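Labels A, B, C, D, E and F are assigned to the chains in the order they are written; within every chain, residues are numbered from 1.
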Amino acid sequence: MRIKIINPNTTWSMTDKIGQCARSVASAGTEIIAVSPAMGPASIESHYDEALAVPGLLQEIAKGEREEGCDAYVIACFGDPGLKAARELARGPVVGIAEAAMHLASMIGSRFSVVTTLSRTIGQAWHLAEAYGMQRFCANVRACELPVLELEEPGSKARERIVDECRRALDEDGSDVIVLGCAGMADLCAHITQQLSVPVVDGVAAATRLAETLAALRLNTSKRGELATPLPKAYTGALSGFTLGDNSGHASHQETRR
Amino acid sequence: MRIKIINPNTTWSMTDKIGQCARSVASAGTEIIAVSPAMGPASIESHYDEALAVPGLLQEIAKGEREEGCDAYVIACFGDPGLKAARELARGPVVGIAEAAMHLASMIGSRFSVVTTLSRTIGQAWHLAEAYGMQRFCANVRACELPVLELEEPGSKARERIVDECRRALDEDGSDVIVLGCAGMADLCAHITQQLSVPVVDGVAAATRLAETLAALRLNTSKRGELATPLPKAYTGALSGFTLGDNSGHASHQETRR
Amino acid sequence: MRIKIINPNTTWSMTDKIGQCARSVASAGTEIIAVSPAMGPASIESHYDEALAVPGLLQEIAKGEREEGCDAYVIACFGDPGLKAARELARGPVVGIAEAAMHLASMIGSRFSVVTTLSRTIGQAWHLAEAYGMQRFCANVRACELPVLELEEPGSKARERIVDECRRALDEDGSDVIVLGCAGMADLCAHITQQLSVPVVDGVAAATRLAETLAALRLNTSKRGELATPLPKAYTGALSGFTLGDNSGHASHQETRR
Amino acid sequence: MRIKIINPNTTWSMTDKIGQCARSVASAGTEIIAVSPAMGPASIESHYDEALAVPGLLQEIAKGEREEGCDAYVIACFGDPGLKAARELARGPVVGIAEAAMHLASMIGSRFSVVTTLSRTIGQAWHLAEAYGMQRFCANVRACELPVLELEEPGSKARERIVDECRRALDEDGSDVIVLGCAGMADLCAHITQQLSVPVVDGVAAATRLAETLAALRLNTSKRGELATPLPKAYTGALSGFTLGDNSGHASHQETRR
Amino acid sequence: MRIKIINPNTTWSMTDKIGQCARSVASAGTEIIAVSPAMGPASIESHYDEALAVPGLLQEIAKGEREEGCDAYVIACFGDPGLKAARELARGPVVGIAEAAMHLASMIGSRFSVVTTLSRTIGQAWHLAEAYGMQRFCANVRACELPVLELEEPGSKARERIVDECRRALDEDGSDVIVLGCAGMADLCAHITQQLSVPVVDGVAAATRLAETLAALRLNTSKRGELATPLPKAYTGALSGFTLGDNSGHASHQETRR
Amino acid sequence: MRIKIINPNTTWSMTDKIGQCARSVASAGTEIIAVSPAMGPASIESHYDEALAVPGLLQEIAKGEREEGCDAYVIACFGDPGLKAARELARGPVVGIAEAAMHLASMIGSRFSVVTTLSRTIGQAWHLAEAYGMQRFCANVRACELPVLELEEPGSKARERIVDECRRALDEDGSDVIVLGCAGMADLCAHITQQLSVPVVDGVAAATRLAETLAALRLNTSKRGELATPLPKAYTGALSGFTLGDNSGHASHQETRR
């Protein structure tokens, strides 16, 4: 099985870290491809960044379909950017890391707290919790006021601040599970788990295993309704490369496959 | 007052129609600029189309801020693509047409039905109804199975099919207001109103007046939290033009203005 | 266009203030009539007061329909008393100030705090937020423990206490917009806006512009279902004047108009 | 114990019927007073009617407090008009018949259908279901298109139409309990129960027993917050009689009692 | 009328206290049987305890149906264990004490706080509040960190700690009614009411009167759908005694009765 | 890894089928133990059956902890009986099949329909959908009116009736994914998938892979709050074997392990 993990920002040090994390939890026989897009923002900390990360992400999905024979995809940013568009485009399942982390967290405790980077992203985390039906399990979303890329800097105080915020979450929120609210925290999961007395869910690991699960069970995205393959039409300007062909190999592959 | 109406698809015949509609309802002294982006899809009928309409839309917002002195913006596609990102970018208010239509509809009846184009967009209309708090007023979202661009074809049966679906909505949904679910229906509003015994809300007209209202009351988007101006950072590849400068005229304008 | 603003309490100093505020934001060519009813309570601070403000309010709506040729109405009390009954009675649109303020606030930020007078009215504000679908945007409703009429007393500390409570709201509630929770605060909006770094929404201004917008777009209350004109029937005792005639000028006007 | 049942419309034939029903279910030792107000509408079929029924209703509550020594009150109209205002005014508990019927129905089945008079009142029934938390148990609200006063006419087809609608409710709604949606149906409850194989809840009987229960357990309305006694203030015009005195016997009674 | 109160734990000192409380509020002519099951846990403080209390509880319901001619049942544990199963089994109504207390509390105030024993039971109280539609009235659920059986120990500090927690609830939660969150607190209700200025609802008293009310109005559990008598089938092992016969006296009684 | 699948009814032919299904989807290296309890009902079709299936189920969990070294558990009945109690008792994760199926279904489509056995179980399926946050994805729950054990009878028409109901679901519910609503349908999943054009989710397969995923990621149930190990206490009568010891090997294992 081949799973493509797309870090929708263009910071490859983070992408490498994410890839390592995914490989460490993948089953034997699962190949992980971890990439950043060819265009877009260096980090995703606003709706603006998120919107502009999506074209590059969709390019990687299209490439995964066309050239790489991917069986499933993971979107490795806690805002789950472009998830529905990616599902329209891909034959196999697509899982977001916020989605995966929240779902698994709901199965191992009564309520979770999300600990994320900047407070301006709190709204998006709540929005996703609602969209996934996970709001009832989400006790709080808390920010450490860490810019995403500070997680990449050796010697930063990021790890300490995250652990501190997790402790406050447990003390103040009445939660019994922690969800890490940024793909850049994937490598900290083991350390934070050791410091706390509760399960800590990293979305990259969670999504990798869920993507595997869906693909293994042949549970691909339904093409019957809202998530059917997009209709072919003209795309213009800098985005003209996104035109989907009518008689594309894509469509015929799809028939063969299902 | 200058209001910029952005039709996020690249079909200028629709853009012109939208502009006319907006001008016909704007107050004296309000100037309407109606544009399509320089890049993106010819019509928006999927999450894929919607995601790829946003970069061009944001370009137009940035241009409106930098060069055109716009006081407010309208996003003229019933999926309200890029609304939060646009709010981060703009100093003045930004209104989506689905948002505007649903809000006004909630004030003049007990429940509304949305009549839209393709059934694959029904999910997005419900998603927006929930996000705006309007789900409780939304009796149903119904599709005519009309592709968006068929609304642009002279002699098509679009008008009849829409009126028929509106009639079914009133008979079957227990609704007392109709919301037109596509910017391309803006010119049909008067005709449909004549055929039915209930108010019919066109989002382009609704959003134009709401944008005017917000701007007149100096109710600009709050820059305190989630919708603050995006942080400056590197953008790469085909999207490198989207980099926001640190000491941009934008930021200094903002201070001057508020 | 003629808009009638009804302050449902009988304190005319507040009514005059409300009228001035409405005139200051109305479009050129809009005439504002601001009145208090001929009967009812001097201020509205309980469900009891609110219930007893409605007959006088409805009398003013009926007069507006029968004699004054009003195109739209505003109910200028933050409890929005009698809104649905008024909508049944009027041909043109009717807007409540809580309704208007909350709707506009939802379009310019992520969450708002309401700052109101007495804490016993907090429940009603939450009730309205839910009824309008605005609960999801309402971070908190806070009281200054100011009786309504203290807002009318020159030299009172009302202004300072309201500004203080607004500051606490921003610090403690995670909100980015303030909604003023009493018509009697309409004249303070500019001052409070200056003191804070966020948009402040006054319901009188908001409702005046929304009523104008609905009337300009000919979006009158739907008479198809719940809000149809009340059936004629006997009214007895002190309320016998509220009997609606079967062949009233009202009904025939309605036909002519629509 | 003395319970006052107030039929908020002025049709005494209905009031007498309601009184008989209440007496037939009250415990030994409970005295029932059943009245109509001295002013207001002959029947309640709109928000307008409902709003104008409240002053007369509150007059009867005040009289019950001042002169009649009532221990509890029932508001016998399925719109539960003036319930919160009445609770502010009364020392003992106040129960609405929609409230009572829905609560009891939720304890004896999985979902109930409400069968009411005119379809224009359906919205209010749903509104109450939500306000009481009973929406999740309410499968449907159905109208027989019977005007309220037709229930008072000997020889009308009302009974048959109601039974027919109840049958349709059970067949189509997936409900297992029927709630009668009008005080005027109280005398039909036994007959309808015989015709159907499910429990049928009449609000008058339900509210009478619940009012008794609350009074017996000394569970009076909390005067701590939203439902505290209204503040004394001036009332003018035709409603000047509603002024509450500062040192009224009411207030002193209250102290003695609690 | 004969009402059976089942304390689902096996601590008979608590059962006796519960029985006394029920008798003190029951109407003249109502006989109270108060029992503990023959098997199960000494107290209920976890989902494990609760699940294992249900078989003994159902045995008592079956005995009440078969031998004791009971008209109604009360389940006297604040987790309302086995409520739906008991409703399937019994002909007459079955009421849980959390259910009863929350429903009555919602009728006498705007919001209530539940004060319970151990914090690990808070989740179940919220779960029930949601299931009964009472979540909107529930301001908070607070634990005193008292094990259930400490309420049975003479000289314990339980009473003081409960009163203290109730005071905090009123100060911090914005509630105006207290709900006692354990059947073992039934005898403290009068004392706590004296200490506080708000109504205090004990579920045992509330459920006893509600069970009486339902039985008096002949509102038995609907047997049409989800709560129909269980289908007869084989039960094996230690639970083989729970087999329901096909031609049981139970079934024939049921027909006679309805 | 060792996963114990507990079919909570005592019909071993179904248990064997469930075990085969689980083995067919488990990863290499995962051992599946599939069992039925030593006591309880032959099938689960009511709340009564469900309640009485739990003691035997908990016995199997306890045995899995004490003797079998199980890493994770699956509860293989679509009512997910005893899930929270099992989570309190087990060190490793516990997954219900309704829970697992609904969660995975929400990731591969916009809305799912559940197709189950008897209509009297529909309420429980909706209850679980709500409890898991999956209600928003659940378009409908439909029954085939098949008793559970008919699924075990060779030559029954069960398969045809289920496929027919699935077809109706897709046509009438607007859903794009099917969830099989009974563990006894596990062996039909491949066949039904072939007949329909949408993904079909079997809960046994889904839960097996999710249990594996949680165990692989060391995401055990949080023992901090609601789901902590039950407090030791006396159990009496036929259930005295359920007493948990204070210094049990269980507790010490737990410390060693975490």
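Following the convention adopted for this analysis, contacts are C-beta pairs under 8 Å (C-beta built on N, C-alpha and C of every residue); 3 or more make two chains touch, one makes a residue touch a chain.
All values reported here derive from a predicted model rather than from experimental measurement.
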Subunit A on subunit E, rotation in degrees - Cα superposition, rounded to nearest 5: 120
Maximum centroid distance from subunit C, chain identifier (CA atoms): F
Computed distance of Cα centres, subunit D from subunit A, in Å: 53
Chain centre separation in whole Å, for subunit C relative to subunit B (CA means): 28
Interface hub residues of subunit A, defined as touching at least two other chains: 87, 110, 122-123, 174, 225-227
Partner subunit A, residues of subunit F touching it in the complex: 25, 27-29, 93, 95, 99, 103-104, 106-110, 132-137, 170, 174, 176-177, 193, 197-199, 201, 205-206, 209-210, 212-214, 216-227
Touching residues (chain side subunit E, partner subunit F) in the complex: 10, 37-43, 45-52, 54-56, 58, 82, 84-85, 87-89, 119-124, 127, 130-131, 147, 225-228, 230-231, 233-240, 242, 244
